[in-house]
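Next up: some structures, all given as structure tokens.
There are two complexes below, and they share subunit A, which is joined by subunit B in the first and by subunit C in the second.
And now, the complex of A and B:
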């Protein structure tokens, strides 16, 4: 029962949106609309599940005095402060998560002055590594690598004011984006969507069951 | 004089940028803080913007219309049974329902929202004024050759091999364009950070000192 019940429930839950798509019956439509709302609520609980795992692994790291354990304290401190303000905001303490009378709440203050600068700088750091990666990747060893290099250079050049001022460059950039790029993206989207749909079917039919921690024989 | 918030943002930005020299404790500190604050942000965001309005407020304001959401909440809490060894198997029940419904929605969304519209948009006329038929033909060839390139149930030899080689050329042009876009995005982020450091932090600081 421990393995069969979740598989049966996966199947039943999985066919609801498929039936709802083909059946406009009011009962089916209502079930699907309520189930959509259930999904949103369960998603929030599932996201927070990850937080528990991070707390567990970092507290273990601190307890064992593993390498880099002081940084685990920093992580937990950041999580406690930001998460604490977020939880208190639910009860109206400190006034919510955005602003009160034009002044940011503590949660919003931490978001603007800690989270945003850290996130933006972390991602901007990648500009340097992408530059060095492109130096290695952009060696026109064959036709494919040459096309990669040429299209990247044209698109980069066409998206800056100097490039936009050069005749034909914006036009060529638009052509690349609207034709060969769109064709390849379309092929990739169709392929990936078919792959996702077939994988979904495997999950509904119980062929793929690794998400439940079950092997093929269970 | 810059505010405390600006000082904090500037020092943390510099700590992250210090990685360009080499890995160092300042960077590790900022990196760990980022991970912690990001998780804290998700806690605040999910509890305030999802659980509170969709579950708590819905139940307290109109219980008669939303009583069924109690089960959604219980199933959500049930996911945490995985941390109680004896009851860990029970966590599979909400997980099965959640994943089952999610993949059911995915099937319909992917087929109706992506595959069919993309195929419809690929059915293009090969006649008409100007260069449009040529570009339409290029689009059709590109889509089919890329699909063939990712189709591994057929050996890529002969005509299929030629088509898949054409497909890789389209993919390379697309990856190059995507790479160019990503680089430009990251560069503009970097410009934004330097803008902040110079105009919001350094200039007011120098103005206050001198």
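And now, the complex of A and C:
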């Protein structure tokens, strides 16, 4: 029963939206609509699960003095402060989450002065790493790599005003994006969709059980 | 060690310095290079231009601070376009960091430039968790999904939302997206419910949206900072009131950002070319024995 019930639930939950998509019967539509509503609620619980998991793994890390454990303290402190202000704000404590009479609330202040610059800095560093990596690793070692490199240079050059002023460069850039790129993207999207569909079918039919912590024979 | 090998093994901090200088120079001395309009951005602009005043556009802030330098100018340009045309805007976010911060700040900033009333001309519904399931629910009942707006007011009391019960009453969706969220809007809202969708993506995510654009599942595409700068240019050309706003020296615009992008792109192109020239020089140099022969 421990393994059968989750499989039955998975089958029912997986089959409902599929049938509802192909059968517009009012009863089926109502059931699918209710299932969607439950799914939105379950997503919210998943956040709670994520928070519990982060707290558990990081407290263990601190207790064991694992490598980088001081960072775990910073993480938990950030989670507590931002999460605390956010939750309390929902009860009207500390004045909400945005501004009160033009002044930022504690949540908004932390967000604007700590979180926002940190995240912007992390993402900005990518430009430096990409420049270094492209100098060291972007090599025309064979025909395919050479074609990729030439396309990349044309697109990078064609996406800036200096390149747009050069005859034919904008036209070639749009052609690359519209044709070889769109064709490759289409292949990737269709391939990924087929993969997702087959994996979903395996999960719905109970062939794939690893998400339940069960092996094939269990 | 030969010169080519020495240059190939250059300290990465020198490369960082080059990129840093390339970023700083246009910041200190703006160049103001003009951008050319590309078809994906033009079709996005013309789509909003075709909507009559009073239409409803959902602007979904599906991004956070990390991609804000690219997505913020897109959001500002689309909002200014809608407000200049007296199109009503319903703001929301499917990305947690977009709802309570980005959407609030951008909508408040742009709305203050026009004579608008909150709840009548625009609303901000805030963030909703639930991903694709939330999108499916939106087509049936927006009020159930967003019982209160981002500021805690009951949505049913907002005059604009009395006209908008679900996505069926929405004329267009503009998703300013990082990652996969733009695809959700296309795959679920456009493909299943037929609502037109425009995506404003980060430059790194732009290539995949060309497949949707070619399939006409996306009405238009604003790709990264370049897309935003093109939109700003079209907007300034068509609406003098918006052109005046963009002339403000305190306003960060995508057009200013394109100066930095231009120099940094040129630095990276130069590094790739140099790296390959050095690679081939070091690969095809004569063996040490040959030199003594």
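Just so it is clear, the second predicted complex is superposed on the first by the 210 of 218 C-alpha atoms of A that agree within 3 Å, B and C clash if a C-alpha of one lies under 4 Å from a C-alpha of the other, contacts with A are read in each partner's own complex, and residues count from 1 in each chain.
As a working rule, contacts are C-beta pairs under 8 Å (C-beta built on N, C-alpha and C of every residue); 3 or more make two chains touch, one makes a residue touch a chain.
Note that the coordinates shown come from a computational prediction; the quantities given were computed from them, not determined experimentally.
Novice: Identify the partner contact of A:77: answer first if only subunit B is touched, second if only subunit C is, both if each is, neither if none is.
Specialist: first
Novice: Touch check for A:60: first (subunit B), second (subunit C), both, or neither?
Specialist: After superposing on A, A:60 lies clear of both subunit B and subunit C.
Novice: Which partner chains sit in contact with A:110 here, subunit B, subunit C, both or neither? Use first/second/both/neither.
Specialist: It touches subunit B, and subunit C stays clear.
Novice: May I ask you to decide whether A:211 touches subunit B, subunit C, both, or neither, giving the answer as first, second, both or neither?
Specialist: first
Novice: Is subunit A touched at more residues by subunit B or by subunit C?
Specialist: Ranking subunit B and subunit C by residues of subunit A touched puts B first.
Novice: Who does A:25 touch here: subunit B (first), subunit C (second), both, or neither?
Specialist: neither
Novice: Should A:174 be classified as contacting the first partner (subunit B), the second (subunit C), both, or neither?
Specialist: Touch status of A:174: second partner only.
Novice: Which partner does A:33 reach: the first (subunit B), the second (subunit C), both, or neither?
Specialist: Touch partner of A:33: subunit C, not subunit B.
Novice: For subunit A, give the residues common to its interface with subunit B and its interface with subunit C.
Specialist: 36-37, 39-40, 43-44, 47, 96-97, 111-112, 115-116, 119-120, 122-123, 127-128, 130-131, 134, 149, 152-153, 156, 159-160, 177-178, 181-182, 185-186, 188-189
Novice: Can you list the subunit B residues touching subunit A in their complex?
Specialist: 4-6, 8-10, 12-13, 16-17, 19-20, 28-52, 54-55, 68-69, 71-73, 75-77, 79-80, 82-83, 89, 92-108, 110-112, 114-115, 118-119, 121-122, 135, 138-139, 141-147, 149-151, 167-184, 186-187, 189-190, 192-193, 196
Novice: Could you list, by residue number, the parts of subunit A that touch subunit B in their complex?
Specialist: It is residues 2-3, 5-7, 9-18, 21, 34-52, 54, 68, 71-72, 74-87, 89-90, 96-97, 107, 109-128, 130-131, 134, 137, 143-145, 147-156, 159-160, 176-191, 193-194, 196-197, 199-201, 203-204, 211-214 of subunit A that touch subunit B.
Novice: Which part of subunit C faces subunit A closely enough to touch in the complex?
Specialist: 8, 10, 12, 15-16, 18-20, 23, 33-36, 38-39, 64-69, 100-101, 104, 128-131, 133-134, 136-137, 140, 144-145, 150-152, 203, 207-208, 210-211, 213-215, 226, 258, 261-262, 264-269, 271-276, 279
Novice: For the complex, give me every residue of subunit A touching subunit C.
Specialist: Going through subunit A, the ones touching subunit C are 33, 36-37, 39-40, 43-44, 47, 96-98, 108, 111-112, 115-116, 119-120, 122-123, 127-128, 130-132, 134-136, 138-140, 149, 152-153, 156-157, 159-162, 164, 170, 174, 177-178, 181-182, 185-186, 188-189.
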